[in-house]
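Structures for review follow.
In the two complexes below, subunit A is the common chain; its partner is subunit B in one and subunit C in the other.
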Partner chain A sequence: MIDTIAYGLTIGGILYIISIGLSLTFGTMRIVNFAHALVYTVGAYVLVASLSLFNGHFIAASVVAVLAVIPLAYLIERYVIRRLYGESIDYAIIATYAVLLIGVDAIKWIWGAIPIPLSDPVGKAWNILGVELPLYRIIIIALSICVFFILELFFKYTIVGKIVVAGLEDKEAVRSLGIKVDRYFSLVFVIGSCLAALGGVLYAPITTVHPYMGFQVLLLCFAVVLVGGLGSMRGTFLSAFALGMVMAVTGRFWGPAAETMVFVVMAIVLIFKPIEV
Partner chain B sequence: MREKVILETQNLSKQFGGFVAVEKVNYKLFEGETAGIIGPNGAGKSTFFNLLTGLFPPTEGKILFFNQDITSTQAEHRVELGLVRTFQLVSVFDSLSVIDNLILAVTRFSPIFTNKFRFFFRDAHIKNITERAKEALNRVGLADKSHILTSELSYGDKRKLEIAMALALNPKVLLLDEPFAGLSDVEIKELLNLLHKVKKSLTLIIIEHKISRIVDLVTRLSVMHEGRIIAEGNPKDVLCNETVRRVYWGGESCSVDGITDSSDRRRRP
Partner chain C sequence: MLLSVERINVSYGRARVLSDVSIHVNEGEMVFIVGRNGAGKTTLLKTIAGFLSPEEGTIRFGSDKVNALGPEEMALKGVRYVFQDKRVFTKLTVRENIQLAAYAAGVSLSEAVDKIVQLYPPITRFLESKAGTLSGGQRQILLLGRALIGDPCLLLIDEPTEGLAAGIIEEVFKVLEMTRRKVSMLIVEQNLAVVRRLADRVYAMKEGHIVAEVNTPEDIQNQTLLEEFL
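The block that comes next holds the complex of A and B.
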């Protein structure tokens, strides 16, 4: 039981870290960004590459991986996303999906298509009520909660945060205050992308690193964002953990249904709480 | 008083698909005046404002602000130049506190905005900004509500807040898009008092469709109809202008009340 809960919270934490960028990009720029999955995958691959560079020092390699996606995120924002402002939402889906496909092929070209397993970077386990829990997973849960509170503080107490919150409500009104709101949206995009890379880094030791890992997680993250409410930061947090638990609990009884159940829950939520676009 | 033109449009037009929302408008705004633009819903008034403030580009024509061509200037930059607006549907930020709304408006012009490091951390608590924000709130009588969430304000208070934010931007020209819409009679009176005070220090353009509300406030009145300005001048003369009466209201009377009534009658199904 305890290990199911721990597993659910771990998955929830990772889903949250990845989804927050997706949710913010939709909330601020009204763009559904499939390329988010590419940034996530690249994060994991840079981790693999830099692990060998830093003799297996996981923290250093993680930092490199998270920072390495900044130029990639900037390029995607500057040359793809920004051209899609105000266009119909399906253009954004097609264009960012194209970026994802191109990126995945580039990854296959650079690193090959063979899955790369990573070992647990911490290796220790805690004994909680007679159940051995890997410390690494507990760190992930703690880290995702930290990310949540850091973002809460950022949006509440900094001017940049307030500008973004205002921009989520009414972009034109922010512009009418003489604030170049797009610039702050770009910043949010880059922060969201770094978090996606962090998600890739954290998830890598739990699954394997392979070129298509992004596709798998992308749909789950869309479910998280839709259930949490587009552009809602707290909603994303709660729905990530709720859906993580759904996956864990379903997986305990019937493995193959774990992911499907997430979408069943999403469908039920959407029936009772239609999205406002 | 009236010589200096500070805002001018030349053949300004905007088409949405086949629909011409604004057609070849040549408008002049003189320094220090309070100009009114009236017309029914759909006459192109708000579109005209959106063109002036740069929310979207014109199909054709030019906009000059202090003799500088701002036709393709970004909306944000126009605010910096001193061209500030409010919206027809009040646009304040519900999820921020009242004072935070003003802080957003004030920060733009404080030196902190250029200081990257302080910009990121706790600048909301820096005295200067907060004080200026409070001062602006005082001006509209919202000082005692500064820390409540904006979503809890009444519509009238939200309108006051929006105007306080606009004034905090130090505008040279302030464009008010139907500022009285949705307000109660008491609130309208309060807002009129405020505008009578404000108009002494800056140039105003007010869009309205109920003429009786602004006839005493404005020094010059323009009438928009189907995207064009069909009459312009002293408010009372404009109301008695034959074209205006015939094309626009079809009314006989040229008294302010008569026109208000008939324009209201027009809008009823």
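The block that comes next holds the complex of A and C.
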């Protein structure tokens, strides 16, 4: 059971890191951003490319992968997302899904469609109560908790964070003070995209890197965001770990139902707590 | 003349909300707008504040034409909009609410806090409380104080006493009275007692039009004249 819990927490940690950007994008800009999955996939592919450049040094390659998505995130925000402010949510879904499809084809063109396996970058295990747990997974769990606390401190103590918190609640009121809140939302978009790339980087050694990896995780992330509450940072954190555990526990007893159960939980939550868009 | 609105038309989609509206506000004046719900009062304030653009007509602030400016630019020019419904940032503390206004206006937080404490000394007790825990009256005073940071030229205030108990209205009234003549104000208000106590001039609106301008103290104090428009 300990390995199931560890697996659930690992998946939860990765889902949190990817989902927080999705949640903030909806909370600040009221945009459902399917292109988030593209940034996640690009992060994983840049990791693969950088590993050979840095002779397999995982940390250096990860830093490059996370930073490399900044120009991509900026372009998506500047030329797609920003044009969708205030438009119907349908337009955002269609436009960002189109970006995702174009991006996936570009990835196939550049790197090919064959899945690329990566080995565990740490390669060590800890023995906890007689169960051998990969140290890499424990690092992922710790890192996701660190990301949570860093974001909490960022939103609580920096002026940029306070502007974003205020903007999440009442964008018009922030604008009436003379603050160009969209600039701060753009910054949040880029931070969220970097975290999506970090999620891709961290998940790559657990799964395989392939052009469609973003599609699979995107639906899970939407479930996390909907269960946690759109734009809620703490809700996203709790929801990611709860759904990660749901996946792991279900998978232990009935593997094929692991992901389905996440959406069953999401449906139950939406019945009792419908979202307001 | 500080603000001059000349024959503006404003629509939401196909629905015309303001038609041929002209008003003005002089420096130091306290001007009120009265009218029934749906008369277009809030739309007029939002248009002046830069949230909506007039299809026709001109808005001048000082000598500048400001039709195309957004709310951020209008705020930096010294025009501050105080929303109705007491819209403070509930998840931030009172001090943080003030901090955002101070940041935008380019003044220090301590200076901004001092300014609001001068207007309403009891607020010192709530500085570290979440703004969401304040009463309606305290929220309104925080909003007025926040709008006054950075010495604006014109406040656009939407229904400042709406939904407040009589005792609290008196507190809000005191704050408005203290800032009188230091800053010009254009206020939407349904409470005629407040209007009669503070107004230099009053515009009455009906169905998107200005239907009257009441500009003598005798007419403003007239018990029946303004009530016709509510």
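Keep this in mind: the second predicted complex is superposed on the first by the 277 of 277 C-alpha atoms of A that agree within 3 Å, B and C clash if a C-alpha of one lies under 4 Å from a C-alpha of the other, contacts with A are read in each partner's own complex, and residues count from 1 in each chain.
One rule holds for everything that comes next: a contact is a pair of C-beta atoms (placed from the backbone, for glycine too) under 8 Å apart; a residue touches a chain by one contact, two chains touch by 3 or more.
It should be emphasised that the depicted structure is a prediction, and the values quoted were computed from it without experimental measurement.
Look at subunit A after the overlay: subunit B and subunit C clash there. In the superposition on chain A, A:132 makes contact with neither subunit B nor subunit C. In the overlay built on the shared chain, the residue A:158 is in contact with subunit B alone; subunit C does not reach it.
When the shared chain is aligned, no partner comes close enough to touch A:105: not subunit B, not subunit C. Residue contacts after overlaying the shared chain place A:87 against neither subunit B nor subunit C.
Residue contacts after overlaying the shared chain place A:170 against subunit B and subunit C alike. Within subunit A, the residues touched by subunit B in the first complex and by subunit C in the second are 159, 162-163, 165-166, 169-170, 172-180.
Across the interface of their complex, subunit C is touched by residues 159, 162-163, 165-166, 169-170, 172-180 of subunit A.
Chain contact summary for the complex, subunit B toward subunit A: residues 53, 55, 74-77, 79-80, 84-85, 87, 91-96, 100-101, 103-105, 107-109, 112, 119-124, 165, 169. On the side of subunit A, the complex with subunit B involves touching residues 157-160, 162-163, 165-166, 168-170, 172-181.
Residue ranges on subunit C touching subunit A, taken from their complex, read 49, 51, 70-72, 75-76, 80-81, 83, 87, 89-92, 96-97, 99-101, 103-105, 146.
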